[in-house]
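Okay, so subunit A shows up in both of these, paired with subunit B first and subunit C after.
Showing the complex of A and B:
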């Protein structure tokens, strides 16, 4: 398997006057060609930051980004706008969350397609050619009247429509990698299902690699080949999708999965506490303040995902005893 | 859009009617006395008899409603009567002066556009760098310098010391530059700064991030996305300011002896020249209403959200 995208030791800090608050801490990931990596985590765990940093979209005045990024084994520099202009919307495409504010309200959807398809360095297309490509793509997204949609403005369209248009815009450039940052969060359930279906179909068709980020387990479950669980700025667990879903190793993952409603009358187990805010992350294991298995020794321990069981990694040093033990978050389901 | 325009144009009629009432009434409420000013201008000593005679000649001894209806009847045919003092036809005087002011205001507008837009864009692109700081200082100076002081300073430097431009007068482009610039300075200062700020604000909007994610060049992002959204509010404020410029900046016109409408108005007020003042007010109101209408139509054309809400 060839690795199309690799991120090594990504560290993102929020620049404040005196201190530097770490938001993402020594995160590494790799994405294989044609596969999907799903990142799941609570709000504020640094998922979107990771996505945006891969495309070099973070404001340099606010964020301090360190780390290595490789596209097909070749290093690239997200902080270099010129370089990124060739990569973004060409080799890597992004689907943003909240599509309503991502479109410019004073230009038409058609104009969005025109500028995307006619970006510098690409062969010029006539208006008719752009219209043809756009209409075909929109039809594939199950948009019934693509012509009138193209002449509409973002505020005249619904969120689900805009999300589909955004996917169409991303696919128009036939990218190798699609980064989907909460692609369905702003949508209602029936639309969510449709969008996921479209994404799956098109991924297979274009042989795209997808990095999908969500806090919604069902979204991640339905698309991913591999799952990474993010907590407070780094992964706590990652591995093949089925393996992670069936046998979660990290206590956080267990609790996260346990907090999923089922059809029994049992009370929904709720994880105690809140994820730590940026300045407030604990020393040592970041999850220990909420962890039912916390021990004194966890305070002095901070490791990335190193413990392994058949390609399934986890960062909890007590994973063996937990997995052997009886009392865990899944016990009542 | 068309329906909206027609509606707005029809609305001009009641507005102008109200304006005519106020123009007529307020002029007559002014302290001072037209007969007296008339006699003074003619060089006749103001005896009671002479005053009465003057009132009769000017038609000021008749009931005010009668005076108003007669004036209005003529005014709808664009006949505003004759000046009390110079006995010239008001319409020709006002329109002639208006033309001169339009030249000045038009030239100022041109200066404002070609200076403040690039200045605002550059300051935004290089925010908080040298260029931006320089622009900030210039804008501060420009907006705090009153034209009655800036004008003479410019005359002192460019006309008397350097001799590049004529001190005063009218007719050629060289005559136009200094008054035009004096008038434009305040607007250049405020527009370049407000444009900079709204550009910076819009640079942080999410659609800019999304454009970058699609690999659009920075230049295109600024020109097609950010500038466009930032210009919409600027058009509205500019419309109001252009109206003011057309009403005549009396100070600049007097300073550079520009035969414009502001100067004409100030002159007519001092000589209590009722027909002239009334003519001025009506013509300027028409201009204001038209300029407002045009800016509203431009805003609607630029902003699809406005179009939707019509």
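Showing the complex of A and C:
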């Protein structure tokens, strides 16, 4: 299994007059060909920043990005625009969070397809060729009457429709990697389900690698082969999907999973406090202010995801005692 | 005893479709009752009329036809002030719902100033009481709306709704802008204050899991009409309207019994089933059981067992 994308020691800081606020801290991830990595985290945990930095979309004036990125074992530089022009939209494609604002309001959907397919450096396609590719893709997305959709403007279409068009646009270039940043948050539940189904089908067909980011556990659960849980700028846990879902090791993951109501009237176990905002993070283990197992030694230092059990990593220094003692409590909930 | 009675509410909006003027039936002939101390969950997809209904009940929109009675009195006979004392609302986006120039205590003070005749010290006492009830610590009382996180500000909004001491609170998607861990906190808070104060809720949401947690009665809406209604959560697993089944099947955590997931038809063409003049079932364009009768005759809400109502020709015809 070859690693198609690797990110090593990614650090993103917000530049503010004299200080530098850390947003993502020494994060490393790797994505295998044809597999899906799901990143779950709450708002402000830095998951969208990670996605954008992979594509070099962060503004250099406000963000300070450091780290190593490798595409098929070859280093690339997201800050280099020329280099990224060849990668963005060809080898890596992005699906954005808000379909309403991701489209250009003054050009038609057809023009979007033309723009995407006739990128510099690619052999120019005729109008008819573009229309053919676009119609085929839109039909795959279960859009009826793709011809009239192609001549519409973004504001004439519904959110679910636009989201499907955005996926079609991303897939038009047959990318090797698809970065999906909260692809379904703006959608209704039943449409969300349909979109996830389509994504899964197309992933298998194109042998694509997908990096999916969401705060919704059910979305991550239905797609991922591997799950990484992000909290305050770094992963606190990662491992194979089933393993993380069934035996979460980190206290944050456990509480996060338990906090979701699941068709019972039982009282929800609640995590105290709020997710930390930028510049407001605790020293040492970032979760300790909300952690029920917190003790003095947790303030000492911050662990990367080092503690391992059969390919399942966790950053909690006390995971052994927590998993020994609280495993029963978890199964009850 | 019914605190709120909704009788045959109709609401339509004028729209243009294919360059012709027509009317979109946002809410069509909806009737239900809310008992004191209960929580009614109103579920459906976006555009099904659930938010419109919530706003009509709160007097923010006027219905075209039908009546809304609070304790047997029509809301149009009441003044805005009287209505606000009885019904309060919590909105989806808390940042848009508060005045950015007000501090938390001013936000909560506003209904007290407008709706009660309390003097300053009495008002302060009330603010203190309501803000601590929802778990806002004293150090945060003088913060402005923008300084709060989404979950904290939603708590302030709940405190504001409580300050008027209403009988009914309309919660319009109170969770959808919040993080998962904070959603659970707000759900527990809503549950606790309901039990403590014997409040009545109308919970408008598309999140079935959250609705299950809070609600006693569930109403499923589609295309402006009530499709299914259960008066007790015991019937939850017996909900059988094709639309409800499809909705449940799209929740990843719910067991898919009837293979509904495979036959799911969410992606469909708008066939004008919500426009004026259409006489069939609004769901028939997506329903896999749709027959000719569904296209030509609007199904009525019928009781299939005690406390369980369905509006569907397929489900009700063999019950006849």
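Keep this in mind: the second predicted complex is superposed on the first by the 328 of 333 C-alpha atoms of A that agree within 3 Å, B and C clash if a C-alpha of one lies under 4 Å from a C-alpha of the other, contacts with A are read in each partner's own complex, and residues count from 1 in each chain.
As a working rule, a residue touches a chain if its C-beta (ideal position, glycine included) is under 8 Å from a C-beta of that chain, and two chains touch if they have at least 3 such contacts.
These numbers were taken from a predicted model, which means no experiment stands behind them.
Peer 1: Between subunit B (first) and subunit C (second), which, if any, makes contact with A:119: first, second, both or neither?
Peer 2: First partner only, subunit B.
Peer 1: Taking the superposition as given, does A:184 touch the first partner, subunit B, the second, subunit C, both, or neither?
Peer 2: In the superposition, A:184 contacts neither subunit B nor subunit C.
Peer 1: Scan A:81 for contacts with subunit B and subunit C and give back first, second, both or neither.
Peer 2: A:81 sits against subunit B, while subunit C stays out of touch.
Peer 1: Kindly classify A:209 by the partners it touches after superposition: subunit B alone (first), subunit C alone (second), both, or neither?
Peer 2: neither
Peer 1: Looking at A:36 after the superposition, I want to know if it touches subunit B, subunit C, both of them or none. Which is it: first, second, both, neither?
Peer 2: After superposition on chain A, A:36 lies in contact with neither partner.
Peer 1: Based on the superposed arrangement, let me know which partner A:48 touches: subunit B (first), subunit C (second), both, or neither?
Peer 2: So A:48 meets neither subunit B nor subunit C here.
Peer 1: Quick one: is A:221 in contact with subunit B, with subunit C, with both, or with neither? Answer first, second, both or neither.
Peer 2: second
Peer 1: When the two structures are overlaid on chain A, which partner does A:102 contact: first (subunit B), second (subunit C), both, or neither?
Peer 2: Touch partner of A:102: subunit B, not subunit C.
Peer 1: Using the touch definition from the top, say if A:89 reaches subunit B (first), subunit C (second), both or neither.
Peer 2: The first partner, subunit B, only.
Peer 1: Can you check the complex and tell me which residues of subunit C touch subunit A?
Peer 2: The contact residues of subunit C facing subunit A are 45-46, 149-152, 179-185, 187-188, 191, 206-210, 212-213, 233, 236, 246-247, 249-254, 261, 264, 266-269.
Peer 1: Mind listing the subunit A positions that touch subunit B in their complex?
Peer 2: 52, 55-57, 59, 81, 84-90, 93-94, 96, 98, 101-108, 111, 115-116, 119-120, 153, 155-156, 169, 173
Peer 1: How about subunit B: which of its residues touch subunit A in the complex?
Peer 2: Touching subunit A: residues 204-207, 209-218, 220, 224-225, 228-229, 232, 302-305, 308 of subunit B.
Peer 1: Which part of subunit A faces subunit C closely enough to touch in the complex?
Peer 2: 42-43, 141-145, 160, 164, 188-194, 215-219, 221-222, 255-256, 259-265, 267-271, 274-275, 277
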